[in-house]
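Look for chain A in each of the two complexes below; its partner is chain B in the first and chain C in the second.
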Partner chain A sequence: MGERWRAAVPSILSVALALVVCWIAIALTRDTEVASNAYLQMLYGGIGQWPRYLDGGDLAVIVRPLGEAASKAALLILTGLSVAVAFKAGLFNIGAQGQMVVGALAAAVVGAQLSAHALLHLPLALLAAAVAGALWALIAAALKLWRGVHEVISTIMLNWVAVTLVDNWLVVGPLRPTVTGGHSVSGTAEIFPTAHLPRLLGDISRMNLGFPMALAVAAFVWAWLIRTRRGFETRAAGLGPEAARAAGIPVKQRMAEAMGLAGALAGLAGAVLVLGTEFRYPGVLGAPYGFDGIAISLIGNNNPLGVTITALFFGALRAGGTRMQLLGVHKSFPELIQGLALLFVAGRLVWLALLRRRRTQPASAEVPRA
Partner chain B sequence: MLELLEALLFSTLDAAPALIFAALGGVLSERAGVVNVGVEGQMRAGAFCAAVAALFMPTPLGVVLGMLAGAGLAAIHGYLSIRWRSDQVVSGMAINLVALAGGTFLLESLYSPNGTPAIEQLPRWTLPLIHGVPLLGALSEHSGMTYLALVLPFVFHAVLTHTPIGLRLRAVGEKPHAVATLGLSVQGLRWGAVLGGGLLAGLGGAVLSTAVLDRFEQHTPAGLGFMALAAMVFGRWTPLGAFGAASFFAFGNALRIGLASSAPGILEFIPQGFLLALPYLLTLILLAVQGQRSSAPAALGTPYEQESR
Partner chain C sequence: MTRTLRLSTVALVALLGACKKEEPPTPTAPAQQPQAEAKPAEPPAPKALKIGLVIDVGGRGDHSFNDAALRGLETWAAGKRYEGGKYAPASAEEVKQSITQDLANLQPPITALNVEPLVIQSKSPEDYEPNLDLLVEQGSDLTIGNGFLLESAVEATAKKQPKAKFLLVDSLILDAENKPYSLPNVRTVTFKENEGSFLVGALAGLVSKTGKVGFVGGMEVPIIKRFEAGYRAGVKTTNAKAAPGLVAVYTGSFDNVAAGKQVAQDLLKKGVDVIFQAAGADGLGVIQAVKEARAAGKQVWVIGVDSDQSHVAPEVVLTSMLKHVDLAIYHACRDLTEGKFAAGDVVLGLKEGGVGYAEVRLDFPGKAEALQKVEALRQRINSGELKVPGTMDEFAAFQATP
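Presenting the complex of A and B:
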């Protein structure tokens, strides 16, 4: 229980406060009973209906929610890591959404247009998504390093370029599948089964290989950041570009690498969505997992372990959110909790000041970025 | 042909004000040195509160409440980023996420998931002399907001460039320490700019739900806040530039919608996606060609600390 856990306190407090505020929000618009019941349903939907299972219920009442939570968490882990990696290099990647869209499209194209053996097809589709996302992110890096364009502005613009070009041109134009049956489908052609991310729990749940893959990627990112020289140099470039440059670190190169990696991670998130659950680029990629990544990264303190834990938590809330609809609470409710938690994390300095006022010793010597 | 042009001009003038107000809100806040990526959220709050308020009171009063709602969200942004010097992009994005999910939640629990009940739109003004005149007639039959949007950028420009308060506002975004040495409050000026920006963005949102539409819809403003940011950047952080860019983007949008309904053949050659992406592509190209440092306020995004230099 050292400094590292102390650093997590504001995030935990923020999430707890967000949960309380949102409970009050339901209680005010409906009543307290509905609010408590909705939270109970969210819990059941997120981590399984343990009471029913212990009463002799089917194992599926636990496995299905958990699998659902894991498949949502996989996406949040990847987009959260995308934002976090850029942060480590001192860059704010608002563009995870656009990079994810581009990656999802690349995965859908490789998955549907190419036929290959499963051992080759799936890795190719994943690789295509990662490369596409990385290239999209590198546009922002190039604009920053050569033209001094702030990455926040360029990535916001790139998000909308990606979304409009893909959703309103490619998917409804050149990539629209040729209709063979009577009914027309929205989105691109369905990918071949050889490119599917295999399901791990059979037909019980949509949980697929994407989840262990996301965990492995998180471990890789952690190892890269903490255990390699490049990772160290990247962090140094993020913490103090001037000092890093003076120490002989090629700051621009490290920043570009980090942005490329960030784009690849977001692109992988798109691939997991397409290859794991959607099996085509859907008519509209409605889910803003890329924007969620910003919240996940910041609540998770921008480090791989924190991001993973935060993503698991909000993945479970998301999975539970669909159950809340039974009570007339919109399924996007967990996003409200997540948004508020981010807002409270942004006010971390307020928290720290309040904590400091209580005791004389400072809560944390480190001045957080956010 | 003339009729087509008039129709195009008419729909541009109908749709542009929301974008213009929001872009001006962005300019006001960012010229004072506070990044405002929360425009989208402030617009959403403004649109929602204006529509809900207009169910119970005269619509113009609802618009005022919508503005206040935008300023309310901006106040949270200001409290975190000015008072506590937290990262301005973070609190702006947080506001967007909260407004997006919060709007959906309130909409569902108070009305229906798709939108509020219909309200009475802002009255449209028939201009006596030019109404019915070819082409010029496009200027008539708009809500007061359209005419305000045509005047406000010039007022804003005049205030920003020709008055002491405008000079101070610009200085606080370029070199806040210089402002502080004059004995002026950097924090106070920034607060004023952020709240003013919130009022304008809220107004932009309120226009959407009270003049363009007659209700708050689930997805309002559907990315218009980010397009306003593009207009702000494309207009090089100046009121008149933002006005021009916002009008241009709105015209492009009207052209796209017009083409889709009257001449879908043309869209076979120029896909809608291209036209939709155009504002952002143009902004990126402009930034790539000119670089950003030449036009953005120098102290943009830097929290002010008295002791730092």
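Presenting the complex of A and C:
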């Protein structure tokens, strides 16, 4: 109990510190009232405008923000898990963005080019996205395991290959929808309604099946890592490949599996974006959720539960952050908070050292958990 | 163990302290909320209409399409100046300066209206719809989606909010098969960019020394193709020799300054001396590249787009193809305040003042004659004698008649 909490303390402190620093930044550039109101607006946008609702407002003022936060959180959970799973196997997957891009494209293609019954169409589109993402990640895994190319390098480069291939060629070239009469559209053809992720709250909110799905996936990943033999072997391979090999664990295979799973998760994130809210591969794929996944994973301590909580928090923060603009606060503050939190988490060793120094006992039992 | 417990407690206290700092908003906020709502009621004048505007991922400060929209709403309609996240009243001089010469004699003139702007910038495409929702929820009387990228979002929001009014700039409402249709609460405005591009193309043909002119587009979509077709036709009309070799390149984005710069540098290396860019923020990179080439001693020019971009690099921006998104938005605001706002599809061309070109401030040999020729072409377009091609197919069939 205490152990698990202590692992979370640096992250919580980092996020809190980031919030304080950004509050001060707004207060310095504007004034304290604007800063406080901006945070309040962010809260409204993230978890709903409760005062207005309790004053007899429309249900939409709480359901819509919650739906937005959930949609963002779903994406962050999936990309965060993608990075976390690879991390557990000792691999640093910086390629979640690229895997998400190819996944999103696969979902858009299956959603628009194939017509099938809804019971079949949606799973097919999701599956296509997961497979595409996994294959993209496996390129990096193969390079690593057979040729010794470091996965940080290969996944970064594959990101750009994916973006260039998809955004700059496929979407504007072969996959461009047919348009009559010179109208401009961006992105690929619209997907069929049978491939939409169903909306859970009807028209008033964009909350869709993607969110419960992401939570279920997080539970699955947790169970796989903690409760299965393969998960254990994967973690062992990540902690000490040599020791794992000596213990008879097929290290290469486990690493490849983890990387494939990481790619599939990122691919699913792309699918949730396309099938949940965009209904086509847009001209440029949304915010860089794949890169955000790195931050989410690290702040979440590379742990499925931590990732989920972090993603929920930042999903709400990002969805709500837009409302800060109502007060004239710059649009990038939510990202700034996330970035600062990451920076402070990166200093977790400093946190831990500070915590340890206060301790007079021999700290042998207190090896920080990676 | 007790020590770690104590440490956790210390951390918790620190955390609570940190949280507390943000708590003061709660008491002040309810006070703030009614205040904001009470403000418009304060003067005896009728309540200011709220005009919401969602701009695309290009953002504020693109010196182009989005800034044109902001000018129409903030500077012209509301008479405000945006500075450090706040609005201050704009001086008459500022407003006058923001009006390009082709609109200087507009009747009725541009005067401030009783409107309050509410602007949201979008960070990613999936934010368009919630941003529009947010503005409607904040009580905006007219909600503007700026750019064809917001087409689906405006469509979806307008269907959800049948009582709210919308203005979609630069696109018609398109259904799933990309066929245009109309919604009872949406006005759309589109422009004949080809006509304005034709005029700057004609000017480019007259200015070019090397006989090589270029075009840089953003995303390769029909709307930008329309710029290219008009531009090519203009070049062909005044400089038949330069037309076949005209190089058109697309960067594939509207928010990548570096890509624009790179593409322009390639063009300049090939000996192109006039570049017309229609590439949003990428275009700023094009201007940058041309500016650097000029600093290196080359005699090169660039033509801006959407807004008058002369101030970005006064020494190299020959002119700018103006697309009066500002005027379209201003008109919508005025119609709204006069109670005349109606849905429908509005098309603005050269004749309507929807497109044009900015004042040519730079000198080049034969400037007076060149401008005379361009103005003569404007007359021929206005009279309907000259039909400017709007697609590449139409351009293929276009016969230049100088």
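Here, the second predicted complex is superposed on the first by the 353 of 370 C-alpha atoms of A that agree within 3 Å, B and C clash if a C-alpha of one lies under 4 Å from a C-alpha of the other, contacts with A are read in each partner's own complex, and residues count from 1 in each chain.
One rule holds in what follows: a residue touches a chain if its C-beta (ideal position, glycine included) is under 8 Å from a C-beta of that chain, and two chains touch if they have at least 3 such contacts.
What you see is a predicted model; the values in this text were computed from it and never measured.
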Simultaneous placement of chain C and chain B on chain A, clash or fit: clash
Once chain A of both complexes is superposed, is A:340 in touch with chain B (first), chain C (second), both, or neither? first
With both complexes overlaid on chain A, does A:152 touch chain B (first), chain C (second), both or neither? first
In the overlay, answer first, second, both or neither for which of chain B and chain C A:165 touches. first
A:298 in the overlay: touching chain B, chain C, both, or neither? Say first, second, both or neither. first
In the superposed arrangement, does A:350 touch chain B (first), chain C (second), both or neither? first
Look at A:36 in the shared chain and tell me whether it touches chain B only, chain C only, both, or neither; answer first, second, both or neither. second
Across chain A, the partner (chain B or chain C) reaching more residues is C
Is A:143 contacted by the first partner chain B, the second partner chain C, both or neither? first
A:25 in the overlay: touching chain B, chain C, both, or neither? Say first, second, both or neither. first
Output check: A:92 vs chain B and chain C. Expected answer is one of first, second, both, neither. What do you get? first
Clash-wise, after the superposition, say which stretch of chain B runs into chain C: 94-102, 202-210 or 256-264. 256-264
Check chain A for residues that touch chain B in one structure and chain C in the other, and list them. 29-30, 167-168, 172, 328-330, 332, 335
Contacting residues of chain B [partner chain A, same complex]: 35, 37, 76, 79-80, 84-87, 89-91, 93-98, 100-102, 104-106, 108-110, 113, 223, 226-227, 229-230, 233, 271-274, 276-277, 279-281, 283-284, 287-288, 290-293, 296, 301
Of all residues in chain A, which touch chain B in the complex? 25-26, 29-30, 92, 94, 143, 147-150, 152-154, 156-161, 164-170, 172-173, 291, 294-295, 298, 328-330, 332-333, 335-336, 338-340, 342-343, 345-350, 353, 369-370
Which residues of chain C touch chain A in their complex? 1, 3-5, 7-8, 11, 14-15, 18-19, 21-22, 24-26, 28-30, 32-33, 57, 59, 84-86, 118-121, 123-127, 129-131, 133-134, 137-138, 148-149, 151-152, 160, 170-172, 174, 176, 178-180, 219-226, 250, 252-253, 255, 390-391
Residue set of chain A touching chain C in the complex reads 2, 5-6, 9, 12-13, 16-17, 19-20, 23, 29-30, 32-34, 36-37, 39-40, 45, 51, 60-61, 64, 68, 71, 167-168, 172, 177-186, 190, 203-204, 206, 273, 277-280, 282-287, 319, 322-323, 325-332, 335, 355, 358-361
